[in-house]
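The two complexes that follow have chain A in common; it is paired with chain B in the first and with chain C in the second.
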Partner chain A sequence: MSAENIQSNPRFLIRNKHYWLLAPGIVWMTLFLVVPLGMMVYVSFWTQTTFAISNDLTLKSWQTFFASETYFGALIRTIRIWLTVLFLTILIGYPAALFIGQMVRNKTTQTVLLVACVIPFWTSFLIRVLAWRPMLGKEGAINILLQKLGLIDAPIEVLLFTELAVIIGMVQIYVVFMVGPIAFMLARIDQSLIEAARDLGASGWTIFRKIILPLSLPGVVVGAIFVSVMVLGEFATSSALSGRKVNLLGNIIVTQVGSLKWAFAAVIGVVLTAVMALVVTILLRIVDLRKEL
Partner chain B sequence: MIELSALNKSFGFTAALSDITMTIEDDEYLTLLGPSGSGKSTLLRLIAGLEKPDTGSIFINGQNVVGLPPHQRGLGIVQQNYALFPHMTVQQNVEFGLRWREENPVTDEKELARRVGATLELVGLNGFENRGVGQISGGQMQRVSLARTLVTEPKVCLLDEPLGALDANLRERMTLELRRIRDTLGVSFLHVTGNENEALAMGDRMIVLDQGHVVMIAPPDVLYNLPNSMRVAQVLNAYNILGGQSRDNGFEHGGKLLPLPEGVKEAANYAIRYDAAKIVPQDDPSALLQVTFLTSEFTGGGVTYFMRGPDGVFEVERHLSRADPTVYTSGQALGVTWDAKDALVYDAQGVLIGDAQMRGAA
Partner chain C sequence: MNQPFLKITLGVYVGLFLVYLYGPFLVMGIISFQQGPEGGPQFPIIEWSTFWYQHVLGFAPPTRVAPLPIGEALTRSLTLAFATMVVSTVLGTMTAQAFRTNFKGSGFVFYLVVLGMMVPGVLLGLGMSLVANQLGIDRTWWGTAFVLHVVYTFPFAFLVMLAIFNRFDGRVEEASLALGVTPARTFRKITFPIIFPGVLSAMLFAFTLSYDEFPRTLFTGGPDVTMPIAIYGTFSVEIHPNLFAFGVLTTLFSFALLTVYGLLMTASVRRSQARNSGMQEDIE
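On to the complex of A and B.
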């Protein structure tokens, strides 16, 4: 029995040697993704005291998270802001993608327009976020302009250091991740399908509803996954544009790590990871990406 | 009835179609043959309303439809690539035109099911209603595409190279199917193709398009036996076309004097059908041209022999029902001969010389 195993093992390795192609990836992902993830779950059960942390297992950090208004509220806020940003990026991104992918028939123009969408990314994240301050502030560009036009008497204060400011900032940064995938799917729709539908007597709206929208849905889902994963893990935009008043899960992790509260940071890390996994799973249920792409 | 009058269409500086005037009768199968780039798809798209002509008019039953959108013309178009909606089932594809059209859509589910069922039955696809269009073969997709158009009961159905993507076996079967379907429904078919055999086999009448011009409209047998211009003879891919000039009551080509058909004195081009020529030994007294054997191609029912003549390749087709294939070796010197009455001659403008009617009858 064992002799047979020894004999067949090398043959097995030779026959399946193409699996070695996966080895570097598996080693890398194990060391830097699987092990740290497991570690994070493990640490979330450690005992945290003010100045020290010990590996005695306890549920205390988890209880604090779900009992505290501040922390559980941050989870709710994160989800609310994520949904708002997702909705707005689709609302703003889809028409732009529709224009690029369907109305523009020239491939070069399509590329130029898509690159134009990416231009804001040539500046650093910090500058892009901070540039909103002189735009949205009490004495910022928008307020000055509206006052000069006589549309408002007093400056609108809700523009900066509020949840609104965070949402504006995030939508501006992430909308391009929605435009790209949708425009890609739209550009792949064969024009003869639209001609056929028109020839069969369908109106423009019906063609959109029955042909264009369903065929571009995979693009919407891919865009939504991009935007969701990035918004759920956000902390920089919210701290810079809300004056630290709007705390997302990401901000809490930053603070907790800053004050060396590793166990508690790990709890939030686990929660955040779980939320993201759930969101991506739900989005992938909407369309069968394997079939569509 | 569709009448096209003086249609012109250019893309940029290239004229795609010039001065097209023709008529599509009710209840006929019309084939449109042209080499690629001859403007045949453009003509179809103009009639369908997917493109606008630069000048000229299109009358459908007396009404000028230039400017009308496709669906208001009462036509159906079956596109080359089938253009099936990939996210829908066969049923949903076929019912699309009935259920979702802007004007007087069919909303009654029973009525929809009945009409879709009847059309799928006609194209031989009953039972496929719930298949996705990704789960059926190319030939079946072709039928779904046809059914989707026919279910809306168009007066004229435009088919853009409908058999182009099918394999030979399937193509032959669909040829018969298309004719049967058309005969059952009594709608006119305008069938665009680049394949001369398909055009000859299917059409009640046949149009040859070349470089944006209609060069001949005739029933297939007339068109095949008496192409009225050299371009038609070339497009048919069935004629050896020899250049030269007439001299001493004959036609000089490659240093030989070929016999002219009776009553013809002058000619600039000489055409002889592949199957009208015969291979003879090199020193045979009847040999009209000296040729060198290149290769042969077995086509099942016959053999096509390729030889090098004085000016290009000379082809001879031989049907095997008459005799066993003769084997020649590459480089072998041979002669070819034919009956003078089988030759067609064209003037310098490429127009057929002689009384076509009389010769057609004979």
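On to the complex of A and C.
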């Protein structure tokens, strides 16, 4: 195609127009997303002294991180809690999504059920977290209920200010992000597929394993990405429900920033980014997010 | 999958699931009516009262419990959410509009935008404060925090609009342009009414996410707190039922917002139906 041809081609103008439409978004994301993350990586190599920080490059903060029991332990704990919460959100969320997406065939009922799942989400996140305290405490709603029912004699004390409390709270807050995408994918399954399988003599279990599960997998992956990203970056739930006993990487970042240890906070930030990038990359290998829209 | 037994079991399960979701929500509602100012945020209810609601709204006599900074913090939060909503929806619509044609590097741009909702707030907050420190910029809720709110909500608006444009029949626009209608008028009269439900959803997403946003604001918001930061401030000290009363009130506010959204949505659907049935209507 000659240069003249390109000039006179209206598609050329259209293409140009698209770059103008894209520019503000790209510039915004570069300045306020890429640059801050780059800055974080850079600062993680700065020299941190008790009262000051200077931009002489060093690996000292990194060595401290991997040498310290507290910090490396927090990394392990973060990964452990993330895996537990992820597993539980799938385990608890999938059957609920199966009912909403597959069993309920009436669109209105489907919407009503999904909206019912989302309603608690409309209360401020922090207040929802705090509301678990009177639920789980020694004299909390759960203990009172169990004692009234005669199921237990003495109140269960491990419910609040433990890792268990953090997990119960996180699963309740994030499970909706698992139910939504799965139910969405399940509702899209063509019913004639399932009928065909049944006519050919497939059992309910076979239908589930061969048709429903594979077709809902993109929903599980999208849900897993949501839950992973949110749980890995958590710090409010863990500090509110564990009485600051369970420290995740996020909690350590907050503490370090509070005491102006920027270089150290940056190291933890980079570690957290690396973990998250790895998780999301693996999950995106399973499905192509763009194709699922 | 129509076995009645399985259906009933799963139905019961969903019931229990909803109880789990609503449990804390319910407890929050009950405890917000705790007696005040001595009653704490726990059972049993000493005496039912609306003391904490009066406390939140500033009608209660002063006590040792500090009142929530409703006036200023709430105004700030709402202003911030509104500004974020406008900027994110505009950016999201523009970017999604560009994605209607294939272009080189679309995959890169897609992931660059989606990255904004993927990166945890605590990391972005940290990164932005480091940049602000380096450049010597003051951290403020309307500056450093605002740009991060947009980074967070713009991807949501973008994805909503992308989904809308994927189901959009471009020939309608082409027909309008071919008939000599100017691009601006085509957008106003053809494109915008069709994408309006999407725009509304994008706005709703952006507003609510920004209004409740907290890890990003924690690091970059500066000395003037927004509502979530004010609530977070109570974490370290004792919590009181006034927080729960506030929670109930904000939930009611959210419902009001959702109702407005629902009404606008219904009106928009009805209008487009009316338009489809009466095709003779002139394009005024």
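By our rule, the second predicted complex is superposed on the first by the 270 of 293 C-alpha atoms of A that agree within 3 Å, B and C clash if a C-alpha of one lies under 4 Å from a C-alpha of the other, contacts with A are read in each partner's own complex, and residues count from 1 in each chain.
To be clear about the criterion, contacts are C-beta pairs under 8 Å (C-beta built on N, C-alpha and C of every residue); 3 or more make two chains touch, one makes a residue touch a chain.
Since the model is a prediction, treat every value here as computed from it, not as a measurement.
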{"item": "Room on chain A for both chain B and chain C (clash or fit)", "value": "fit"}
{"item": "C-alpha centroid angle, chain C to chain B via chain A, nearest 10°", "value": "80"}
{"item": "First, second, both or neither for A:Lys210, with chain B first and chain C second", "value": "first"}
{"item": "Which of chain B and chain C A:Lys261 touches, first, second, both or neither", "value": "neither"}
{"item": "Which superposed partner A:Asp199 touches (first chain B, second chain C, both, neither)", "value": "first"}
{"item": "Chain B versus chain C, judged by how many residues of chain A each one touches", "value": "C"}
{"item": "Partner chain(s) touched by A:Arg77 [first = chain B, second = chain C, both, neither]", "value": "neither"}
{"item": "Chain B versus chain C as contact partner of A:Ile100, first or second or both or neither", "value": "second"}
{"item": "Where chain B and chain C come nearest after superposition, their Cα distance in Å", "value": "11"}
{"item": "Residues on chain B engaged by chain A in the complex (per definition of touch)", "value": "48-50, 69-71, 75-77, 79-81, 83, 85-87, 96-97, 100-103, 148-149, 152"}
{"item": "Chain A residues touching chain C - in the complex, by the definition given at the top", "value": "14-15, 18-19, 21-22, 24-26, 28-40, 43, 92, 95-96, 98-100, 102-103, 113, 116-117, 120, 122-128, 130-135, 137, 139-141, 144, 172, 175-176, 194, 204, 207-208, 212, 225, 229-230, 232-233, 235-236, 239-240, 250, 253-254, 257, 262, 265-266, 269, 272-273, 276, 280, 289-290, 293"}
{"item": "Residues of chain A touching chain B in the complex", "value": "190, 192-193, 195-203, 206, 210-211, 214-215"}
{"item": "List of chain C residues in touch with chain A within their complex", "value": "1, 3, 6-7, 10-11, 13-14, 17-18, 20-25, 27-28, 31, 41-44, 91-92, 94-95, 97-98, 101, 103, 107, 109-110, 112-116, 118-124, 126-131, 133-134, 147-148, 150-151, 154, 158-159, 162-163, 166, 208, 212, 214-215, 218-219, 227-228, 231-232, 235, 239, 243-244, 246-247, 250-251, 254-255, 258"}
